[in-house]
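Common to both upcoming complexes is chain A, partnered first by chain B, then by chain C.
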Partner chain A sequence: MVGLSAAERVYIEDGIAQDLRLDGRGRQHFRSLSIQTGVIPQANGSARVRLAGTDVIASVKAELGSPQPGRPGCGNMFISVECSPTAAPEFEGKGGEDTNLELAKALQRNFLGGASGAGAAIDLTTLIVIEGKVCWELYIDGLVLSSDGNILDALSIAVKAALSNTGIPKVQVMGGLSLEEADFELSDNPEEFSHLDTAQVPVTVTISKVGRYHIVDATAEEESQVSSAVSVAVNSKGLICGLTKSGTAGLDPSILMDMISVGKRVGLKTISSVETDIAAAERTLEAE
Partner chain B sequence: MARRARATQSYSISGRRAGDFSTKDAIQPLLSPDGFRLDGRRPHICRPAYLRTGAVTAAAGSAYAEFGDTKVIVSIYGPRESKKAEAFSDIGRLNCSVKFTTFATHIRGQLSQGIEDKECSSMLYKALVGAVALHTFPKTTVDVFALVLQSGGGDLPVVISCASLALADAGIVMYDLVCAMSASSVGRQLLLDSTYEEEKGEDGGLMIAHMTSRNEVTQLTVTGQWSSTRLSEALEVCLDACVKLGEVMRTCLKEAALGVPQ
Partner chain C sequence: MEYISPEGLRLDGRRPMEMRQLHAELGVIAKADGSATFEMGNTKVVAAVYGPREVQNRSQQLQEQALVRCEYSMATFSTGERRKRGKGDRRSTEISLVIRQTMESAILTHLLPRSQIDIFVQVLQADGGTRSACINAAALALADAGIPMRDLVASCAAGFLNNTPLLDLNYTEDSGGGPDVTVGVFPKLDKISLLQMDSKLPIDLFEKVLELATEGAKATAEYMRERLSENTRQLVSARGLLRF
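The block that comes next holds the complex of A and B.
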């Protein structure tokens, strides 16, 4: 946690009121973002995202499994997060567990859609190999290497980049038409893989309320002054894909709706710049 | 016991424009063609609720809540001395713990052996802490122990509402009661106060905890895809339901205070 003096607190709050924050940004500006894809050779897809002092990695591992009972036409996605104690001493032991769980839960809300499988970031029906029997399971793991505020948004961008980077091995389905006879063969040619359709993958934008004003991409110092925050996941169509309120203070419903609409507006802007950055990162990777 | 009281009432959200989420073509197994849910409710009707304070004699305060098949009991202990391991705190602490019984679900131990109780505990804390006047019990801890006896859907909102009723019963100073409600989006319909089956088949879900007199939202989570207009309409329906639930909870507390027999 950040310990601030009364004068520092006033300085932060007044700066936000005047639309000029500590690092010279306006209230609705993100810090400079850097995206690097393909950073983990063992994973099917991976990305590292740096948002000034916040540094996170996301990896996607694909495994063959079976669909969940009740939704035979859908593949599975699992998300977990680990905050390394190397990033901050409070992530050590039990404190880390709670943060991990909270971040993972927020990402699950934003990327996994409803219980029926509808509204997930990746169309889960595209992960089916043999309906009702075999499907791809995507294990998404986030790792926080260094934290300077706004971990959730950085993680969501890293997950989006890692999913865009993910290659799923080609599978050849053979055998009869009935479920029992159907069989498949996994291609062992490393060049033969397909990409996921990541057009609908959202990014999360956290709108924090400091005093009477809303800011995006809060630094650790600013986060210590936040009374409540709303994390909104927005996809490129402008749909809200998940929402989590954090902070203990209550919010008037009209202010809440305001924050959601700010989140949506900033989210749409962020998503297009993130998509450009991901495409650039992929091109650099191919050139290497 | 004199302070036991009853407030059984099913309440409807009749003030809403009925056609908001309904379309004739949305044929979902969770909803009959003529617009009834599996348990015979209309989409914007809550389950019958039964609330009672003073369910546990040993506790400083307690409450029992039954919303359809969801049955929850919450006990409050304290304010009492904080654990020695905790750092010094000028204001009081709220310690929330939610447990599921092994027989709460159809499959034994489905919710009691995972991380669900941990998740629920942290959600319960975040929903309640903004409503409790922590400065009125400095250096001490109030324990909120919730037990889900039967999980019939919408467990977390029932736990939150029941816990705030129990806190009031224990005489803990609060700014307001916290009323919570969930809703499921299925096709183009919004099903208020969803059951277990509806939660399993939902395309999106929403859970809100609301302080009705102060008109402040303490907790909100949304899953699935929503357009902004649809989300704000759904929020309105849920907030409406929270206000109605708040009235039922207040009646329950008043009856308990007046010693109205069951």
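The block that comes next holds the complex of A and C.
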């Protein structure tokens, strides 16, 4: 919880109105971002993302499972989020459950696509080992270690980086002609793995409305003054992959459209810088 | 199972009385009053301290001393097999209690009456010895928060497998079924504040294992003190208080 005096509230709002925020940023600027990949050795892929005081980790674990009955040709992807009490004492015990669920739902909307599996961030058909029988299941877990606002965007960047870092072990399918006879063998060689195609994985940009103006990447102090916010997931083609509106105040449709277009513009800029950062992080990992 | 090779080396290449590589960092969480990460080999934990602050639940307020609270949680990805752990299962409740009691014995609680200190520890990677790592991280976080303490608390575990006392067990050795002795010590006061053992051990051997664990804890304390003074030196020079 952020406690602000009346004078501080006015200072934040007036600063935003003059396009000069508390930390010297303009309304549409992100804080400096740092990405580190391969931070959790026991996961198939992982990444840690820091946005000033916000610090999150995402991990991807791949397990073999069976496809859901309605979609035999698709693998499965699951997303969960946990806010550690280290981030804020409010998350102690069952205190963080609502926030966990809200963040997980928003990420699921942006990354998992529809019930049929179409429109997911990763082409789910590439996760199939034997159609209708065996597939890879990707468990994506987000952990919030420290929070200074804009957790959702940081998590989405961490998930994108973790997916780029993910290695799926090679599987040899042994041919039986019918479905029942088909069998597979998992490679024991840790050097034999394939990467996922993450070209279409979006990042989320949250546009928050403070007073009459909207800003991106709000800090905790700014978030306490937000009337409503729209989170837009944008992929590298500039397509919108998911939308979540939060906050209690209503928005005029024209303002909403304006916020979405800001989200798209900032999202495209963010995604290209995120992709360069991920590539750089992967290079330092390999050099080690 | 062979836990020690004929050459006298353990599964991860260590000698029986060798500890894993230690690494600690202070001030890792910006919003917390004190925080630290502590790594022992592949085990990695983060601790954050909030307080001393006003007691949140009035009925728990203590007139004579500070209220110390602790919560231990494991990340879903911290173990080899992915497991969704509900908060407040028996194991984490027990570890929370152990950490709380150990820290409470170190903190000068009578100096901070009617206040509350929260310690949160989060396990990021679990490879044996999470209990010890959590205590070490919590002690560093308390020191980082500037909370008055009698002494540092440092912890280390030792076991006994294949007729040899082993220092600082990893997960494979921990699941070997042998005894596991965890101690927490005050290095300067030369006192033991925490002692736990599972399984059984003849009393003369227990003495040996306990001595080994205590030595390990003291070595850990030395490393922690080094990190703390290094951190203080950095703070001093960052604030321009020191002229070179």
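Just so it is clear, the second predicted complex is superposed on the first by the 288 of 288 C-alpha atoms of A that agree within 3 Å, B and C clash if a C-alpha of one lies under 4 Å from a C-alpha of the other, contacts with A are read in each partner's own complex, and residues count from 1 in each chain.
The rule is short, and it goes like this: a residue touches a chain if its C-beta (ideal position, glycine included) is under 8 Å from a C-beta of that chain, and two chains touch if they have at least 3 such contacts.
Keep in mind that what you see is a predicted model, and the values were worked out from it rather than measured.
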{"item": "Which superposed partner A:G70 touches (first chain B, second chain C, both, neither)", "value": "first"}
{"item": "Touching partner for A:A249 - first (chain B), second (chain C), both, neither", "value": "first"}
{"item": "Chain B versus chain C as contact partner of A:D148, first or second or both or neither", "value": "second"}
{"item": "First, second, both or neither for A:I260, with chain B first and chain C second", "value": "first"}
{"item": "Touched partner set for A:S236, first chain B, second chain C, both or neither", "value": "neither"}
{"item": "Which of chain B and chain C A:A88 touches, first, second, both or neither", "value": "second"}
{"item": "First (chain B), second (chain C), both or neither touched by A:T126", "value": "neither"}
{"item": "First, second, both or neither for A:N100, with chain B first and chain C second", "value": "neither"}
{"item": "Contacting residues of chain A [partner chain B, same complex]", "value": "70, 98, 101-102, 105, 109, 112-116, 118-119, 230, 235, 238-246, 248-253, 256-257, 260-261, 264"}
{"item": "Complex contact set, residues of chain A against chain C", "value": "40-43, 46, 52-53, 55, 57, 59, 61, 63, 80, 82, 84-89, 92-94, 139, 141, 143, 145-148, 220"}
{"item": "Interface residues, chain C side, partner chain A - complex", "value": "28-32, 35, 42, 46-48, 50, 56, 71, 73, 75-80, 82, 84, 87-88, 118, 120-122, 124-125"}
{"item": "Touching residues (chain side chain B, partner chain A) in the complex", "value": "115, 118-119, 122, 126, 129-131, 184-186, 199-205, 210-211, 214-228, 231-232, 235, 239"}
